[in-house]
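A single structure is presented below for examination.
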Amino acid sequence: MFFKRRYFYFCLLLVVLLLGGCNSDDASSSSGEGNKEPQSGGTLNIAYPTQPQTLDPHETTAEATRDAAKVIYEALVTLDENYEVIPQLAESYEQNDDGSVITINLRKDIKFHNGETMDADDVIASMNKWGTKMPELGEHEWISVDDNTVELHLSEPSSLTMYFLADISRIAAIMPKEIAKSAGATGVTEYIGTGPFKFVEWKQDEVIKYEKFDEYQTVTTPTSGLGGKKEALVDAINWNFVPDSSTRVNGLMSGQYDFAHMINYDSIPQLENSNGVVVDVWSYGIEALIFNKKEGLFSDIKARQAVNYALDMEEIMGAAFVSSDYYELDSALFLPSQATWYSETGKENYNQKNINKAKDLLKEAGYNGQEIVILTSRDYEHHYNAAVATQQELQKLGMNVKLDVYDWPTLLERRDNPSNYDIFFTGFSTTTTPNQYVFLNSETEWAGWTNSPELDQLLEKIKNADENEIEKLNNELHQELWEYLPVINLGKNSRVSGYAEKLNGFTNFLGPNFWNVTKN
Amino acid sequence: MKAYIIKRVLSMIPVLFLVAIFVFFLIHFIPGDPASVMLGPDATPEEIDNLRSELGLNLPIYQQFFQWTANILQGNLGTSLYMNMPVLEAFISHIGPTLSLALLAQGVSVLIAIPIGVLAARKRGTSVDSTFMLIAMLGMSIPSFLLALILMLVFGVKLQILPVAGYESLSSGILNHLKYLILPALSLGAIQAAVITRMTRTSMIDILSTNYIKTARAKGLRERVVIYKHAFRNAFIPILTILGETFGSLITGAVVTETVFNLPGIGQLVMNAITRRDYAVIQGTILIIALTYLTLNLLIDLLYGVVDPRVRLNRK
Amino acid sequence: MELKTTAIDNVNISKLKNKTKLERRRLLVKRFLFNKSVLIGTIILLFLTLFALFAPLITPHSPLAMENANRLQPPSSEHWFGTDNFGRDLFSRVANGAQVSLTVGLSVAVITAIVGLIIGLYASYYSLLDHILMRVCDALMAFPDILLAVAIMAVLGPQPVNVVIAVTLAKIPVVARVVRSSSLVVKEQTYIEALKSQGASSWRIIWKHILPNILSPLIVQVTYIFAIAIILEASLSFLGAGIPAPNPSWGNILLDGKIVIFNASWMTIFPGMFIVFAVLGLNLFGDGLRDLLDPHSNKSIK
């Protein structure tokens, strides 16, 4: 019977609550500004597009894992800004004359985040776990010499071994032995490393929280690339997962995030016009068109060459990466800063736009108008845009081209079946050695099925070469790449991140780095 | 009454079983493979195959189905491949934002909609009525994601008074919690509010034209008493249905809103699980959602009996 | 009035019948014109149909032609709605998108109506079938519609036809239920009982006697389904699981536009406006139709 009055009070209560909510809102946001007052420490709010499957860097080459894991973990050696190997948890290392034994002296008194001290056993347990995922190393064995010395014995010595150990795409992270040994099918579940920040908690699909690790011991050489002096200058990092690109941008502009990773190229003008935000353009690697060389038209080398002669790379890269600020027409597999590996050999076959020659080659290959299928996905807008532009180019050549658009996981499955497609697109973050490009080596059986004895031989030679032979072999490799065309390297591209102006010391080297960063 | 409840609960079993079959086979027909998603784009077929067999994904599909149902009957929803945690745990860790959002959206919409609906019914045919009904009509016609974009633009970026995205759990303080939910709740609640307003209005109009209301008025009762004590209480039953239905759809249907505002709720959980081919999560979550939906329907039917004793439950 | 005078005259019955029919129709038209909801709804829908049919013809631009130099241009006399992030003409895309979105919506409405009608009618007539079909419907309805549609799209692959299938599957149970509950009421009527005892075939009873009585609620429901299908298609495309690009639909223009919402708000405003417009038109039309076809019922469900 008191229904009416009760309802009225209920409404009143809700109104009060709501108004209260709004008011306090302003209050709390202004107190949020209070936090921005100059002070060392503070919490860094990162907006990162994808949540990694695991923080165990041994398990996957996914970038989401790499970027989030390198905050916690370190390896024996790492890369400097010229992509050369420098010590990290190793004090020093040496290789014997035939390269079959590498002796590594460990730094002393390095603490794990759980308080234990790192010793040779931890290194060996970690490296054994990591080694099972690294067939490139060949047969090998880790031996403990004493508490602070380990040896790596290789049955196939290679000049590239140290690069593998330093490579960041599958970090050779050192973790406590009990944890390394506890790993299941999908890796470890306890994330303990030696890095400047320690893992605190992971709220699925929301955030990973890190905290400054007080007992972190830095190398004292100057900061360079991923190595040298590293310090945790903020108290904590919140690694938020924000899959939606425009949400990352909006959050950055409204000050909710200090850093937003991977910004859509079209949002850049909007960020540049907004106060207090810095746009950071960083070299990523190559964009590639992958041929299916097992079945169909492109099992014929002439057909691949025809496509290569026809393509106007400017059109394709322009469609994919919007403006020449974010791409570079370059035939090399590596970045110019990677002095050892950068090679322009073979560029006479790149970006020829020679339709007549292409038509002749296509005729020689016996093309008679059959349908060519390009496999693509909207999940990666640039691959998709490159595919759309390539379709237009090939249609000009008189080819009958169809786009098959799927979501990314479906594409991954379909590309493993040679009867499903002729071409797909993907990108490769720059690697430390050519041997890590899966599309060069026939043994990987990677989608597209490269099968070139010449390329295989060259890779094998590079693996066993000494330093002065490498340049020549690498040039030959690039030459062969542009003849055999397992893929067409379309060009270099950059990715874009944005961060708040008040962020100091930020670097992007093979992904964003948050040590040495202050927020004032 | 008891027999009715038992009967209804029993009838839920075949439905849940059907849901289980649907969801299992539907998602296993999706091409793509959790192992290749987990290993990254550079993985070789050999690596993928190894992980597949380690995860038991190479078993024949019917065997996987029996294994899954057997586990469920033992109360085990399985383990997320991608997140490495039990499905139930994953569900619980994502239910917070969805529940808060639904409650807030429902609260706001009821608060706005019912008084307006009653007012519109009383002023039936006037310009007040038609104005409110036009607004309600518009509210019903704006997809929530569109409204979300507009709200985000205005409050988040132009005025900068509310965060554009993200989520803070209740443990970080109720105000902090609400701050992140206001825009999503508004965009999600607008349609609800429109539906409830219209329902309230029609329901009230029906009741106001009945004889007993006329009698009450003839007796000289004050208008307020007539409206709230006599009419509204009876008009409440159809409104209750709508409340129940829409609350269910708020909980389960906030997928797009959660995506736009990056709320780590159930909708996001399932959407992510679909792109990650995280089978156990999709299956388990859909099953829980279905169970919730069925239970909610039962509760609404039971509530009828409480609110209006004239409704006999075993009639159906 | 006129009817009375005619009746007094000694005219043959068929003529009279014709006259009545005509009169009824005239009355319907009168009521139709009197019903503001239906009128406004019809005008909006008519406008949209004309727009979808002819707008693509009056613009010289193709909805797919990219022109990188012309990206994100604001509306101008050359590009009436501006250009999008590929430099494509937005007017042409919205117009062609109207074709796609309305076709998807209409197809969903028609197919759900037919399938839902068959399921609902037969379920109401055979109680064993009823149990089975309604459990299946319950199970389908227990899925959140958007998630069901996303999963179906993932299975079938991104084709416009599959969008129709996905949305249809999600909405058939709704129609089936409405049809079933209306026909259950009809089925209990004495004249159906009478027909049954006379030995009329079930086919005849269902299609000749039950069907005409449930058409009104069905038509009203289908109008709403049309509106819901447009929203659902837009949401699906907005989530990237709907109409595959580069084909335009209102939803995936909005998806493209979301990325550039701050520097190219026209990409959100125009398709957004059209969605609201279309859904509004259908809702008004449905509401009005309901009052028109069944003046006693005032229930506004959805």
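When the chains are written out, they are named A, B and C in that same order, and each has its own residue count from 1.
One rule holds for everything that comes next: contacts are C-beta pairs under 8 Å (C-beta built on N, C-alpha and C of every residue); 3 or more make two chains touch, one makes a residue touch a chain.
Please read all numbers here as calculations on a predicted model, not as lab measurements.
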So, comparing each chain's Cα centre against the centre of all protein Cα atoms, which one is closest? B
Would you say B-C or A-C is joined by more C-beta pairs in contact? B-C
Provide the C-alpha centroid distance between chain A and chain B, rounded to the nearest whole angstrom. 38
Centroid spacing, where centroids are CA-atom means, of chain A and chain C in whole angstrom: 46
Approximate Å spacing (C-alpha centroids) for the pair chain B, chain C: 24
List, in ascending order, every residue of chain A touching at least 2 other chains. 244, 250, 379, 406-407, 410
Touching two or more other chains - residue numbers and ranges from chain B: 30-32, 157, 259
Any chance you could list the residues of chain C touching two or more other chains? 154, 258, 261-262
Chain B contact footprint on chain C (complex, rising order): 135-136, 138-147, 150-152, 154-155, 227, 231, 234-235, 238-239, 254, 258, 261-262, 265, 268, 272, 275-276, 279-280, 283-284, 298-302
Please output the residues of chain A touching chain C within their complex, sorted ascending. 244-246, 249-250, 264, 266-267, 269-270, 318-319, 322, 378-379, 384-385, 388-389, 392, 405-407, 410
Within their complex, chain B touches chain A through residues 30-33, 36-48, 51, 54-55, 81-85, 90, 93-94, 107-108, 111, 115, 152, 156-157, 160-167, 174-176, 178-179, 182, 224, 228-229, 232-233, 259-262, 264, 268-269, 272, 275-277
Provide the residue numbers of chain C that touch chain A in the complex, in ascending order. 66, 68, 71-72, 85-86, 154, 157-158, 240-241, 244-246, 258-263
Listed in rising order, the residues of chain A that touch chain B in the complex are 1, 3-4, 7, 11, 14-15, 18, 20-22, 24-29, 51, 53-54, 59-63, 65, 133, 169, 185-186, 189, 203-206, 240-244, 247, 250-251, 253-256, 379, 406-410, 412-414, 416, 426, 428, 438, 444-447
